[in-house]
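Paired with chain B in one complex and with chain C in the other, chain A is shared by the two complexes that follow.
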Partner chain A sequence: MLLAVVVKRAAMALLTLAGVAVVVFVLLRVVPGDPVAMMISPGASAADIAALKAHYGLDEPLLIQFWIWIKGVVSGDFGVSITLHRNVAAVLADRLPATLELAAAALVVAVALGGSIAIAGTLMRRTAGEAVIDGLNSIMLAVPDFIWALALVLLFVIAIPILPLTGRIDPVLAEGFHTKFYLAESIVTGRFAVAGNILSHMAMPTLALALPLAAVIVRLLKQSLKEAMVQDYVLLARIKGFRELRLVLQEALRNAVGPTLALTGVQFTFLIGGTVIVERIFAYPGIGNLAIDAVINRDFPLIQGLVLLFGLIFILVNIGVDLTVAALNPRLRHA
Partner chain B sequence: MSALRLAIEALSAISLRDGNRPILRRVSLAIAVGEVHGVVGESGAGKSTIAKAILGIIPSQVRVAGGRITFEGRDLLALSTNELRGILGRDIALVPQDPSTAFNPSRRIDAQMTDGLRLKRGFSAKEARMRARALLEEVQIRDPERVLNSYPHQLSGGMRQRVLIAAAFGLEPKLVIADEPTTALDVTVQKQILRLIRALQERHGTSVLFVSHDLGVVAKICDRLSVLYMGKVVEQGSTADVLAAPSNAYTKALLAANPRYDRPDSGLEPTPPEVIAALRAEIAAFDRGARQAEHG
Partner chain C sequence: MIPSETLLDRAAVELQPDTELRPPSMASRLMRDRKVVCAGGFILLLIVLALGAPWIAPKDPLAQNLLLATVPPAGLPGSEPGYLLGTDGLGRDVLSRVIYGTRVSLTVAFVAAGLACLIGSLLGLAAGFLGSAIDALISRLVDVWMAFPPVLLSILLVAILGTGLHSVITAIVVIDWTRFCRVVRTETMGQAQMDYVVAARAMGFSRSAILFREIFPNVVPVLIALLTLEMGIAVVVEAILSFVGLSVSSDTPTWGGMIAEGRQIVHEAWWVLAAPLAALFATVVAFNQVGDGLARSLDPVLRR
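This part shows the complex of A and B:
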């Protein structure tokens, strides 16, 4: 049964990606501005411009351009970045790990922080403590990632300067890596000083991305936990003499976590979208930051590759969430 | 008379929801060691509130207004949460009403049966599992291994109630509270469950507070019984005495409505209006007396 779901979702995913490919391709060529206009020097002749357009294949009819591109994509060739003069796939492969590590760290922080606060709030239900948590959380729910970014800069760069403002790693330490997963690699190989340096760079962008998601998790999970805590089976467990914390963790959490997981999946795609502006603010070298450069330069092949990559990530996240929700439900597992 | 296990004295409770309406009116009852005491009354009479008061799970909108619940020489109403937690699950256990909601849907039966044994009896995981297996055999479950490895939704209602009974008695408590343990079950299954509770109770010498809206069921299983109406005990005595010569017209009406107490729920008839009127008058007189005592 689970397999059928996966196959269906994969087919849907391919269709979605095809749609995204068409839309981004057409949009780029319909809206004003093209890469050639961005690179010609003033006073270039019409012939020069035409030659450049021909060089990048932009003189062909739209349909032919699309055909050439999509044929390449299917065989794994995403074209060459106009500004970076490198294969788009290679550029993305270079930059993606930085964003994946950032998004994963933000997700972990959001789940750990949001989960603990939700559990604490559940333990404190009907007390002043719960009111404080609810009040703070409703403020946090209204603050977007880039505001957090600015607040964090004010706090940790200007007021108490303990964190580096920009980058992913101290350049002198960025030697000798075999992969672009700097954080994972430095931890696996036991280079903890390097890992610490990376984490200090990641701290602010991670928090900026994590806090809005944490707020959403607190709100929904606490609500679900409170509903679960009045179920008969929790009452029966209480009568066995279990403590409140154990009741929450052992009895309520697993039954309450479904809606939060599903919503976290959706919100996680927002978080990945948020990397665009947050990576920019902290000059973090991931695909989000790259996307802004690509758009400024009208680097068509790079933008197209990035959009497909973002689309693929969104789809994979959603499938992952659905599978996790299904796996947590014994009724589905043992149907 | 043998030693007392539980003594409820003048237990009163009010509902904060609608103008401090009384829910329990100075309820007193005593349960001896190894005795089954039935509390019978119509829905809303306050039966579950008595059970909840013993278990310390009174809802936030209900308040205990007076009385004592003495268990092993200690007033349960005066204990701290921690002290009560020490007693619950070790000395007092509950067989709940609805086996379809009493299980955590995402934990295996195994886990739900053994956690109490490990916490309260100090069993190792392996010992607890063996004990759970033996308990299931004791409630005549033929394939205990399969049941232990199942999730609740994979078991029938009757099977689940057997598991709940096994779990409750398996903790070797001194008192089991059974709040309408057969109401959610088919009539045929009801009988088996009643026999089972009685058998386990006798074998382990457990005291039982048995709550039901059905006098037929209570008559079958209980040594003594209390009839509750609007939170007031209107009849109390040994089951044999009450059945032979009920003192209250309400009890008579219940018996008349349900003459075949070997067949629960057969031919229930509504209580005659004059009996209701007399009961209301009795309650009103009681409330006047209570108010006078309070102000005078």
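This part shows the complex of A and C:
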């Protein structure tokens, strides 16, 4: 039953993705703005331009271009990037791990930070501490990742210069990796100095992405916890003499976490969308930064590949959220 | 004042029909909310700055003076009299540029959010009132739309439409109408179940009269709260697009454009980044506080 729902939603999402791909493909080619014009040197002749267009298949009719592209996508070939002169799939494979590590780190930080603030707020309910948390959180809810990122730059690069401003790792340390998952690999292979260097580069972008999500988690989880704390089962546990912290963690949290989890999943897709601008600010070499360059340079094959990749990530995240929520909620599991 | 009189006054007020009572009571509730008053005051200040920029700004925001480049704000060593927030890499006055920057930000906030609100709520009203076939169509469209990451979509749209204020506004409307559509659809469906709508039907009102004269006025309060929140979002989206270099041309001062410049020279002149960033932060928070305050005063559960 649950599987059927997930399959249905995945099919729906794939259909959406295909639709988006078609729309992007057509829009990019219908509007003015010639990608070839951006690549040629000022002295190029008309023949040079025509040759270049033919090289990238841009002289074919729209339908033929689309057919060539779709045939390639199905067999895993997304074409060749016009600006980078490399296979799009290879470029994406190169850049994706950096973004995945960043998004995963941000999710972990957001859940840890948001969860602990919500629990602290619940323990302090009806005190001045709760009012402070609520007041700060109402401001944090309003501030997007873009503003956090730049505020962190002012704080940790200018006021207290302890973090590197750009990049993913010091170039001298970037040698000798077998995969592009630098952080995971350096931890697994026990190169902790390298891992520390990577983490210092990731700290600001991670925090900028995590803080808005943490604020959302605080608001919803704290509300759910407060509601759970007045339920009979918590009262019963309280009569048994359990301490307040244990009441929150063992009794209330388990019942209150469901809605927060579902919302965190939805918000996680926003977080991934946020990597686009945050990676840009910190010159972090992920797919988000790549996407802005691709759009500015009108690199059609690369834009199309990125759109499909982002769409696929969103579908996978949504399915993951559905399954997690179902696994933690027995009522849905047997539905 | 004699107590009995006040009691009589109150009784008189309470006996008036609900529609006449609500607007003043909501306004007075809002005026008692200190956060909303402060935030609303700040937005008013921004409007004054935007309208009066040529008279308020101390310097020409475009006047370059390379002899006075990266002058720090007043009070710091090396500051120059007359440049309260210092100068940028080309010697332009940061304060004047921040003041002029309010123009683009507020234009986008009001026009883009307003248009998104108009389109979204019309479609939302249609989906919520005109039956299941239209509802299914519009709701599916909203789902598809929302499946796409907004930042990427806005950059893509502006790249397609070309840079400029029109493109930025179009991009925001095209992306964010869904927020209004969803909420208005749900509200309309809820209102359509109410007794007053049943009564209007029984009295033989036409469908459009029921929708626009009976239901819509009851959706408006929620819409205003949402619109205010959307204005904050629009300001940030414009700043992001300016930051990336896809908004208005670089000779118009914008907060996003200043932020991009400040980010480049942050080690030499941090104030070029800090000043517009602070303005953006305060604006976003202000729109949010007003929107939240409106939502709070409208929601009988939250009001307690």
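Just so it is clear, the second predicted complex is superposed on the first by the 328 of 335 C-alpha atoms of A that agree within 3 Å, B and C clash if a C-alpha of one lies under 4 Å from a C-alpha of the other, contacts with A are read in each partner's own complex, and residues count from 1 in each chain.
Just so it is clear, a residue touches a chain if its C-beta (ideal position, glycine included) is under 8 Å from a C-beta of that chain, and two chains touch if they have at least 3 such contacts.
Nothing here was measured: the structure is a model prediction, and the numbers come from that model.
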Joint occupancy of chain A by chain B and chain C, clash or fit: fit
Partner chain in contact with A:G320 - chain B first, chain C second, else both or neither: neither
Which superposed partner A:L141 touches (first chain B, second chain C, both, neither): second
Superposed arrangement, angle subtended at the Cα centre of chain A by chain B and chain C, nearest 10 degrees: 80
Touched partner set for A:G176, first chain B, second chain C, both or neither: neither
Partner chain in contact with A:G129 - chain B first, chain C second, else both or neither: neither
Touching partner for A:A13 - first (chain B), second (chain C), both, neither: second
Per-residue touch tally on chain A - higher for chain B or for chain C: C
First, second, both or neither for A:L150, with chain B first and chain C second: second
Contacts of A:V24 with chain B and chain C, given as first, second, both or neither: second
First (chain B), second (chain C), both or neither touched by A:G196: neither
Closest Cα approach, chain C to chain B, once both complexes are overlaid on chain A (Å): 14
Complex contact set, residues of chain C against chain A: 143-144, 147-152, 155-156, 159-162, 232, 236, 239-240, 243-246, 259, 263, 266-267, 270, 273-274, 277, 280-281, 284-285, 287-289, 292
Of all residues in chain A, those that touch chain B in their complex: 126, 231-243, 250-251, 254-255, 328-331, 334
Residue ranges of chain A touching chain C (in the complex, touch as defined): 13, 16, 19-20, 24, 27-28, 31-33, 138-139, 141-144, 146-147, 150-151, 153-154, 157-158, 165, 269-270, 272-274, 276-277, 280-281, 291-292, 295-296, 298, 303, 306-307, 310-311, 314
Touching residues on chain B, where the partner in the complex is chain A: 55, 57, 60, 85-90, 92-94, 96, 98, 101-107, 115-116, 119-120, 151, 153-154, 171
